[in-house]
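We call the chains A, B, C, D and E, going by the order they appear; numbering starts again at 1 in every chain.
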Amino acid sequence: MTPEEIKNKIQTALPGTALKWVRDTLLIENPQDLPKVANFLKTSEEFRFDYLSSVTGADYLQYLEAVYHLYSMEKKTGPFVLRARVGRDQARIPSLVPLYRGAEYQEREAYDTYGIIFENHPDLRRIFMWEGFEGFPMRKDYVQEDSEILEASDIEWLEKHQVQVPEGMKKRAEELKKQGRRAVAERPGQPEPQ
Amino acid sequence: MGISLIAGVATVTLPNIFHATLSLVAALLGIAGIYLILHAEFLAVIQVLLYVGAVVTLIIFAIMLTEGISNKTIAQRNKLGPAAVGGAVVFLAALWGVIRSTPWPIQGGTSENSYATLASLAGSLLGDYIFPFEVISVILIAVLIGAIVIAKKDSV
Amino acid sequence: MIFGSGVLRSMLITLKNFFTSYFKGPEEGGIFTVEYPETRLPEKERFRNFPFLVYDRNPENLRCVACDICAKECPPKCIYIVREFDKEGRPLKRPAVFDIDFTVCMNCGICEEACPFDAIYMDHEFEIAGPERQSRLLYHKDDLLKSNEYFHKIRPTDATAIDQQRREAEEKKKAAAEAAAKAKQPD
Amino acid sequence: MEKIFSARDPSALNTETLEINFGPQHPSTHGVFRMNIVCDGETVVSLKPVMGYLHRNHEQIAENMSYAASMPYTDRLDYFNSMSNNFGYSLAVEKLANIEVPERAQYIRVIMAELTRLVNHVSVIGFLLNDLGAFFTPVLYAFREREKILDIFEEVSGARMMCNYFRFGGVKYEIQPHILQRIKEIVKKFPKFLEEFEALLSKNEILCMRCQNVGVLPKELAVSASITGPMLRASGVDYDIRKVDKYSIYGRFKFRIPLGEKGDVYDRYYVRILEMHESLKILDQALKDIPATGELVSKKMAPFLKSPRNFKPPVGEAYGRVEAPKGELGFYVVSDGTPQPWRYHVRAPSFINLTILEDMCLGHKIADVIVILGSVDIVLGEVDH
Amino acid sequence: MDTRFPSEKAYPFDSESSVGMKTEKIFSMQTLDQIFIIAKKIILGVTGHFLPDWACLLTSILISISAIAVLGPFTMMYLTLLERKVIGRMQNRIGPNRVGKWGLLQPFADGIKMLTKEDIVPLEADKVIHFLAPLFIVMPALLVFAVIPFGRNMTAVDLNVGLLFFIAVSSTTTIAIFMASWSSRNKFSLLGGMRSAAQMISYEIPMVLSVVPVIMMAGSLSTNSIVEAQSRWHGLKWFVFTPWGFLGFIIFFLCAVAECNRSPFDLPEGESEIVAGFHTEYSGMKFALFYMAEFMNSFTLSGLAVTLFLGGWQGPFLPSWIWFFLKTYALIFVMIWFRGTLPRVRVDQLMGLAWKFLLPLTLANLLVTGFWYFTSRPVRIAGSMVLLALAFWILTKLNRDVVPEKRVYHFAE
C-alpha cells in the first residue's frame, strides 16, 4: 500500500480527519483526532496495529510533538508512525491508555520530560523526576538552573588543584556565601575547560 | 507466687495491651513455677506449652491483626474498670466459701508419685473419666470441623 | 513421580557440587574462586581501565600536542588540557596541564580512539583505590605519563602496530620533506 | 455473617491494612526500585511502582554529544547486556545514515548479541531463584558460566560489562580465531550446564509451587500493554523481532521461538531456558558460517572512527529496534544534520514491562510480588534511564 | 527445683568398670566414654572435702550449667563457620578463609565485630521490650540443653517429662519473636512476627504428634529412657529403621527445620521478602543473640531428633558423646544442605503443608504405630509399610494444588 492509499483509507473511514505525510509518518493535524485514528488502526481488519511500541515526545522549538510507533503483532507488520503536534503552551493530547495499556508509563514519561498533558490519562504524575520538580527537562529551552553555581569551598578546592574556574562562577559563589546561603546545587561533573 | 500476683495485677492495669499480654505470660510462668514447687512437673510443662506457647501466642496474633493497635495514639483502655472490680469481688466471695470448706492438710503429700504423675493422670483420664474425656474430644472435633467449614467458605 | 522427588534431585546436585569442589578443577564443577591478591586472572591485552599518556624515551618527549580533541570527544568530559606557551606567548605543541578526573572517567576508550597522535592509551592499572576521594583520583600530567616501553609491556600487539605506523608515517614525512627539498633545489 | 468471614473484602474482617514501602533500599528490588504496597495481612491490595532514583536523563545527555559518544552511555542502560544495547543504537543510526555493515562484522555482532542473551538469561534465572529464597546457589552456578562469557567479552572488547564494542557500520576490534575457538567450546559445554541447572530447578516441587499460576499475564493484556521479550512469549504470543524484522542477518539462521502456555512466572522462567537453547543453535550456525576475514567497519564509516565529531547523518529520523534479552529495545533518533542528535529516545523494555506489574500482583502474597518482579527481569539502569 | 543431677545418681559405671578391667582397651574406652562425668566427679570429690553439702550441690549445678553455657555459644559460633563453609562448597566457592587457617578464627572476628558495632534502637521503638526480646529468645534456647542426653549419663537434668519440657520451653520462643517484632515498630518486623507466630503454632502440632509414636514405643517421656529403648543390636536398633520411625523422623525433622526458622521455611526472616523479618531493627550484639538463638535451636532440635529417632548416643565402638555429636552434626549438615539448595515456600503453602499434609500423615503414622504394636513381626513390617505408602499417596492426591503441573511448550518457527 502506498502512503497515499493508507491516508485515503483512513480518511474515508473517519471523515473529517486532517492527515498529512511527514517523513514517512502520518501527522495528525488535529491532536484530538488521535484516539479515533489509533482506534481505527487497531481494530480495522486491514491494519491491526495492536501493539504500541513506543510513545515519545520531541521539542521542535515552535511546537511539541508526540510520536507513536505502532506495530502489528498479529500480522507482523510495521512500523506505522503517528505524530501529533501541539503548541508549547497548550500541550494537550488525548491519552491512548484506554486503547493501549502500554502507553501508560510512556505517556507519563513524555509528560515528565516535555510537559505534554495527556487528557484522560488515569494517573498522570511525574515518573522520573520527584514531585514538586519544576520545569520540563527535555525541552530545548530548559536551563538547568543551578549549573552555574559552585560552592565557595568547591571553588577553593578546584583552584588549589590548578583548575581554572570562570570568574562569573566565583562571583556568584561569593555572593551566596555573603548572604550566608549554601549553594545547594551539585558541582557539575567537571567545570568546562575554558 | 509473688511474681505471678504482681504480673497478674499488671495484666489488668497496664495501659498498653501488648504489655498487658506480656505480663500475662509472666503470670502464667509464675503459676507454672508453683506447679513445679508442688512437684507437678507434668502440669507445669503443660501449663507452659498450652498457655504460654499457644493461648498467649494466639492472643498476640489477634492483637497484631487488630486495626490501629500499633498506633500509639489510640487509647487502649475502656471504662469497664469498676465493673471488673465488682465482678472480682463477687468471684472472691464465692471462692471464700470454697476455701473455708476445704480441709487444708498441714503436711502436703510428701510422696511425689502419689498424684499428678503422667501414668496416674492417663489412667484416670482413660479409665475413671473416660466418658467426659470422650465427650470433650467429640466437642473438639465438632469445633474443628466448624472452623474448617467457615474457613472453606471464602476460598470458593 | 513421587511427590518430593524433584527436591531430592536438586539436593543431589548440590551434594555433587559439594564433593566435586574438593576434587575437581573449575571446569568440572570445582571451585572457581580466584583468591584475588595472591592469584590473579591473566591480564587481557585489550583490557582497558583509565587512560595514560605515552612518551618516547623521556618524559619531556611526550606525544601529546595539546590539540584538545580527546577532551572534546570525551563523553563525560573528564579531560582537562591547558596548552603550554613559551616566554614570548607563542603556543607550544605540548600541554602545560593535562588532568583526568578518574572519578568521572568511565573507561570507554574513546579518547584513545580519537587521538590522532597516538598519545593517549588505556591502562591496565586498576588498583588505584585510596582513602581519599577527591585529590587521589584527580590525575595530573606527571601521574599520567608512562613510557612507550610500558605500553609495549601491557599491550604488545597494539604497541608494535602503532610503532610500525608511526615509523612509516615518519619515513613518509621524511621522504616527502626530501622530495619537497629536492623539488625546491632546482629553483 | 457470611460477609464477616470473607477474606476477599478487606473491609469486612476489620484487620489493619498495612502500607509497606518496598525499597528503594530493599535486598530484592534489583536496585533502587520502590513499590508502595498496601496489603491486607499478606495479600496485596494495591501496588504502585515508584521509580527515578537512578534517573540521569540519559536522553538529554545523548542529545548534547556526538552520535558516537553516546555509545558508551548505552552500555549503562541495561548494564547486564551492553552488547545488545550497542546493537540497538548502532542499528538505529545505521538506518538513519544508511550505512551498510560488512559481512564479518554482522556475524560478530550476532555472536556477541546471542552470548549476551545467554549471560542475561542465566543470571536472571539465578536472581529469580534468589528472590524465591534459594540461598545464592543458582546465582553462583549461573555466574560460574557467566564468568566464562564475560572473559570472552573482556578479551574481545576490553571490558567485561561496559563493552562499548559496536561502532556505526561495524565493530571496534578484530575477533581472533583463538577466541572464536573458545566461544565454540563454551557453546559446546553450555547444554551440559543447562542440564544441571534444570535438574536443580525445573522439577523442584518448591519452585513449582511458588511459580506456577503466580502472576499470570493473559495474552490480550500482554499485547495491549506493549509487553515484549520472553515475558510476552511466555504468555503465548509469537512475536520475536529477530524473526519479524530479520534485522542484521538473523534471517539466515534457523531457530525456533519457544512459547509459554499460561503466562505465569514458571512459564517465564522456562521460556528463558528454552530461549537459551535456541540461542545456542544460532551461535552454532553463526560460528560455522562466519567468514575468516573481512573488514570490520564499512568503508563509509571508517574515517569517522578517528573523528566522531565529523559524523553528521542526513536530516531525518529512524527507529531501530532489536530483540534485547529483556524485550524490544528501541532507539528513536532524529537528526537535524548536525553532529549531535536533535532527539534521542530509548524505548527501554524493562521500563515498559513494568506497566503491568500491579495487575499481575493483585491478590497475591507479598512474597509473590518479589517473585513476579524478578520474573519481569528489570534492570534499574534501563528503567530509570 | 529438681536436684537429681547425674552425679547424685548411682551409675552403672561402677558395675561396668569391672567388665572394663578385663582388657586395657575396653577400659580406656569406658574412661573415654565417661570422661566428663569422671571429671565432674573428681571436682566434686575434691570440693566435697572442705565444702558443706549445699555448696557441693551448688557446685554440681554450676558445673552442669557452665558446661552448657560454654557449649551453647561455642556451638553457635562454629556453626556459623560450618554453614558458610559448607554452603560455599556447594556453590563451588571456598568460604571464609582469611582469618586463621581455613578461616577457623572467623567466628571470633565476627564476634568482635558484633560487640563493637553500634547498638541502634529505633526512635519510636518500645525500648524496654526491644531490649528484653533478645534475652528472652536466648533463654529457652539455652534451657532446652538441659534435657538433651549428650552421652551415657550425660543429661544435665533427667526430667521424667523431659520431652514435654523441651517442646514447652521451645514454644515460648514465639513470645520473644513477638516482642522483637512488635517493639521495633517496623512493618517488616511486624510481618515477620506474624509469619513466625503462624508458623510456630502450625508446626508444633505435627511435631508433637510425630513424637507420639516414639513415646508409645518407649513408654516414657524421659529422654534418657527413650535412648535406652533403642539400645539393642549393639546400639543400632534405632527407631528410624522402622517404617513409622522413618516417617516420624522425616516429619519431625521437617518440623524442626520450620521451628528454628531455617530454609526452606525461613519465612519469618525471609531476606528477599521482608528484609530480615523480626530482627530487622537489631544491630550489634542483640542481633548476634538472635543468631545465637537460631543456631542453638537448630543444634538442640537436631540433638532431639537424634535422641528420639537415631538412637541418641547409642552406637558401637566410639564413645557415646562422640556418637551423639556425630549424628547431630550430620543432621545439621542436612539443614545447611537444605539452605544451600531449596527456595523458600510461601506463607500459605507453608500452612498448607503443615495442616493438610504433615498433620494427617502424623495421625496416620500414629495409627500405624498402634498396628505395629499389636501385630507380630512379618505382618507388621509389610503391613505398616503398605499402610504408610497408601496414606502418603492419598494425601498427595488430595493436595493436588501443590503437586507440580506438567507443562508443554510449543515452538513457533
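Rule of thumb we're sticking to: contacts are C-beta pairs under 8 Å (C-beta built on N, C-alpha and C of every residue); 3 or more make two chains touch, one makes a residue touch a chain.
Small disclaimer: the values here were computed from a predicted structure and weren't measured.
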Worksheet, complete the sentence: Maximum number of contact pairs occurs between chains D-E
Worksheet entry | Label of the chain whose CA centroid is most distant from the centroid of subunit B | C
Practice prompt. Name the chain with the Cα centroid closest to the overall protein Cα centroid.
Written response: D
Item to complete: Find the geometric centre of each of subunit A and subunit D from their Cα atoms only, then give the gap between the two centres in Å, rounded to an integer.
Response: 24
Practice prompt. For subunit A and subunit B, let me know how many angstrom lie between their CA-based centres, rounded off.
Written response: 67
Worksheet entry | Whole-Å gap between the CA centroids of subunit C and subunit D | 29
Worksheet entry | Multi-chain contact residues (two or more partners), subunit A | none
Worksheet item: Out of subunit D, which residues touch more than one other chain, so two or more?
Response: 41, 137, 141, 144, 200, 203-208
Worksheet entry | Multi-chain contact sites of subunit B, meaning residues that touch two or more partners | 65, 70
Discussion item. Taking the touch rule as given, give the residues of subunit C at its contact with subunit E in the complex, in rising order.
Written reply: 2-3, 6-7, 10-11, 13-15, 17-18, 20-22, 26, 29-33, 35
Response to the item:
Note: in the complex, subunit D contacts subunit A through residues 51-52, 55, 57, 59-60, 221, 223-227, 237, 239, 244, 316-317, 319, 321, 328, 330, 332, 334, 342-343, 345, 347, 351-352, 354-356, 384
Worksheet item: Quick one: in the complex, what on subunit E touches subunit C?
Response: 86, 89-94, 97, 337-338, 340-342, 392, 396, 402-404
Discussion item. Under the stated contact criterion, what part of subunit D meets subunit E in this complex?
Written reply: 18-21, 26-28, 41-42, 129-137, 140-141, 144, 200, 203-210, 212-213, 238, 240, 243, 256-262, 266-267, 270-271, 274, 365-368, 370
Worksheet entry | Residue ranges of subunit C in contact with subunit D within the complex | 1, 3-7, 9-10, 13-14, 17, 26, 32, 41, 44-48, 69, 72-75, 106-110, 113-114, 116, 122
